[in-house]
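Take a look at the following structure, please.
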């Protein structure tokens, strides 16, 4: 089966089990929102998928190729990109250098330059700030840079960890709209981890709710939004 | 006035060698969060190898090239075989803080002993590639010699080369990214382990140059680079271990400062002066003069 | 407490008994072992307990040695006073160093003390009253006549050294088991938590430096006694390395281990000599082989038993227990 298939994924931090038997699937081209409160294990999930953490058991396959146990740099070359929590931008480097970083693994510089040009088309503000140091960017701009960098590697599967963190509500709206737009335009499969459950589910096809390391609900995003019990427990109203 | 100028020039010459050592220390600190005390040992071994080649071929530059190569290989070797093993094993207990420091010190002692076993402890000297006599301008001879000029030139060339590598190449970008934010670098597809080893190799090569340059006007023995290590460390600390530019500035400042003490106060206080500078800087600005707001402690 | 006193007295008698039965060389080495024991105790306190890696203890030994020698020679005072001055001055220097060092950690501290260790011999070279390179004589004189003619000077050294070692170990052991020792351990494991519990980190660290330096200074004076000399060459960087090695080998936070560590430190040059002779190496061999073995041991022990061999033993027992 193509797409992302996660089966019985478990991750332990020492004696603490951060994830327990997590299973879900995301079809190619879909956007899956993973929501849950702080400490639920959402970040651990993405880190296990991108190779930063070693899982203790389970499997995760992208287009029928096993992901777990691979190193992060190998997964990037397979088209899997992870934008980690807290604006994964390197402030000491310039905007341009941050973007170049996304394609640094390629031997063909031409491809990287083309990809950077595409990203600048998507996020014109970055084009205006190319030579500036990344720490001069605003919160929203940094998020765009982080996503932009991931896009330079021309991924097929994009893992986003709380892109709305620390941003003003208006910017959050923009970010979500942008994410929805570009995933349709580029045919990306996206796993979006969010605390901002409503906004995430509104642009998602699938919803996965995680609590204390376990999946408590999994299904079509629209159904999850309408389910009153779920709404009360996880969406807060 | 003349004395002032002399002191300044000699200070720059001395300081530029410290700059190489401090640069190497900062390079390794940035990429691995370890102060590599064995750097002095690596530099020493590289210099002895360079010395062998230089004495046999009677070409200093050939010796220097060999020292650089040996230094790079040693640096890569130490990172690959030694540091990785170390980090795998020492992960708990009071040892975590203590282990890397002691391990690199142990490595320093080990390399020193090996060098002593092979070459013995007698002082050796290398034929300097330029005259050590001071330049004569008109009637006066200043202590600044052709050798000093050569040293400054060599170091400047190396610094420029390194700057180009770091700022303008993909390798340099990878090195900087891996040092600033190793996880982000990994997620960008950089093989951070390999990049780090390259960083160590560069540091090792640079250390080799430092050792050869010191030896060109001094004697070589298993202990002759200890002071270089100490002053290189002090310079790196003054600059704030985080900044390569800072370490160069720190080194030049230290070199000039120490030469001042030497010329105006007397030899006995040179070392105390250096030590006092270190203590004062650490007390006032534990993150070094160049440090920005971000506090990155040991 | 009484058991402890009894233990030490018994140990003392045992050692003196052994001292009577062995030849001169072993008696001399016995004095060296006693000296290293005191010196290693200083490392255990400073590094093992309060978690500060310092390479400066060799320099502190030098301070003690020079203080003792100068007191003896310039003031013509009795030996015990010379040793007392050694302790006093090194404690003073230790307090000074500690004040500067309390805010440092990890490589910054190690580097600063490295600078001290490399540079201190230099200072001795520069000042005339310190005797320069050849150093100053330190002659504790002959043993009292009532011990008879058989009682050699080396035996006298051994008695003094052993007495001082036992005394130091006794005092140090009490300090480490008191709330001071517990406080240092707390600071070492988690200085933030310690601060939040009301522990004044800096003061305790300075105290650790002071006491540690006092011990080191005493060891330095004992060293001077055994070689009848204080000179910069006796207190080199190599000495500081050896101390750290001995402590790590025997378990850096284990006070009983210092005896083992001291034994190893004295045994290594012996072993190295034997090896060098059987391999027929030249002068290089005997000069550098001990250093090689010491460094190798240090590296191996820091990698494989970073917390001392005791830790691995405990882990092994724990694993066995959980298997049953």
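Each chain gets a letter, A, B and C, in the order it is written, and its residues are counted from 1.
One rule holds for everything that comes next: a residue touches a chain if its C-beta (ideal position, glycine included) is under 8 Å from a C-beta of that chain, and two chains touch if they have at least 3 such contacts.
If you're wondering where the values come from, they're calculated on a predicted model, not measured in any experiment.
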(message) By Cα centroids, which chain is closest to the centre of the whole protein?
(response) B
(message) Centre to centre, using CA atoms, which chain is the farthest one from subunit B?
(response) A
(request) Out of every possible chain pairing, name the one holding the most C-beta contact pairs. (result) B-C
(request) Would you mind pulling out the distance in Å between where the CA atoms of subunit A average out and where those of subunit B do? (result) 42
(message) Based only on mean CA positions, could you tell me how far subunit A sits from subunit C in angstrom?
(response) 56
(request) With chain centres taken as the means of their Cα atoms, state the distance from subunit B to subunit C in Å. (result) 31
(request) Enumerate the residues of subunit B that touch no fewer than two other chains. (result) none
(request) Could you list which residues of subunit C touch at least two other chains? (result) none
(request) In the complex, go through subunit B and note every residue touching subunit A. (result) 170, 173-174, 176-177, 180-181, 183-192
(message) Could you list, by residue number, the parts of subunit A that touch subunit B in their complex?
(response) 50-52, 71-73, 76-77, 81-84, 88-90, 92-93, 97, 100-102, 104-105, 149, 153
(message) Which residues of subunit B touch subunit C once you look at their complex with the stated criterion?
(response) 29, 34-35, 37, 85-86, 89-90, 92-99, 101-103, 105-110, 112-114, 116-121, 222, 226-227, 229-230, 233-234, 237, 267-268, 271-272, 274-275, 278-279, 282-283, 286, 297-298
(request) Can you check the complex and tell me which residues of subunit C touch subunit B? (result) 47-48, 51, 53, 55, 100, 103-108, 110-112, 114-116, 118-119, 122-123, 126-127, 188-189, 237-238, 241, 244-245, 248, 252-253, 281, 283-285, 287-289, 291-292, 294-296, 298-299, 302-304, 306-307, 311
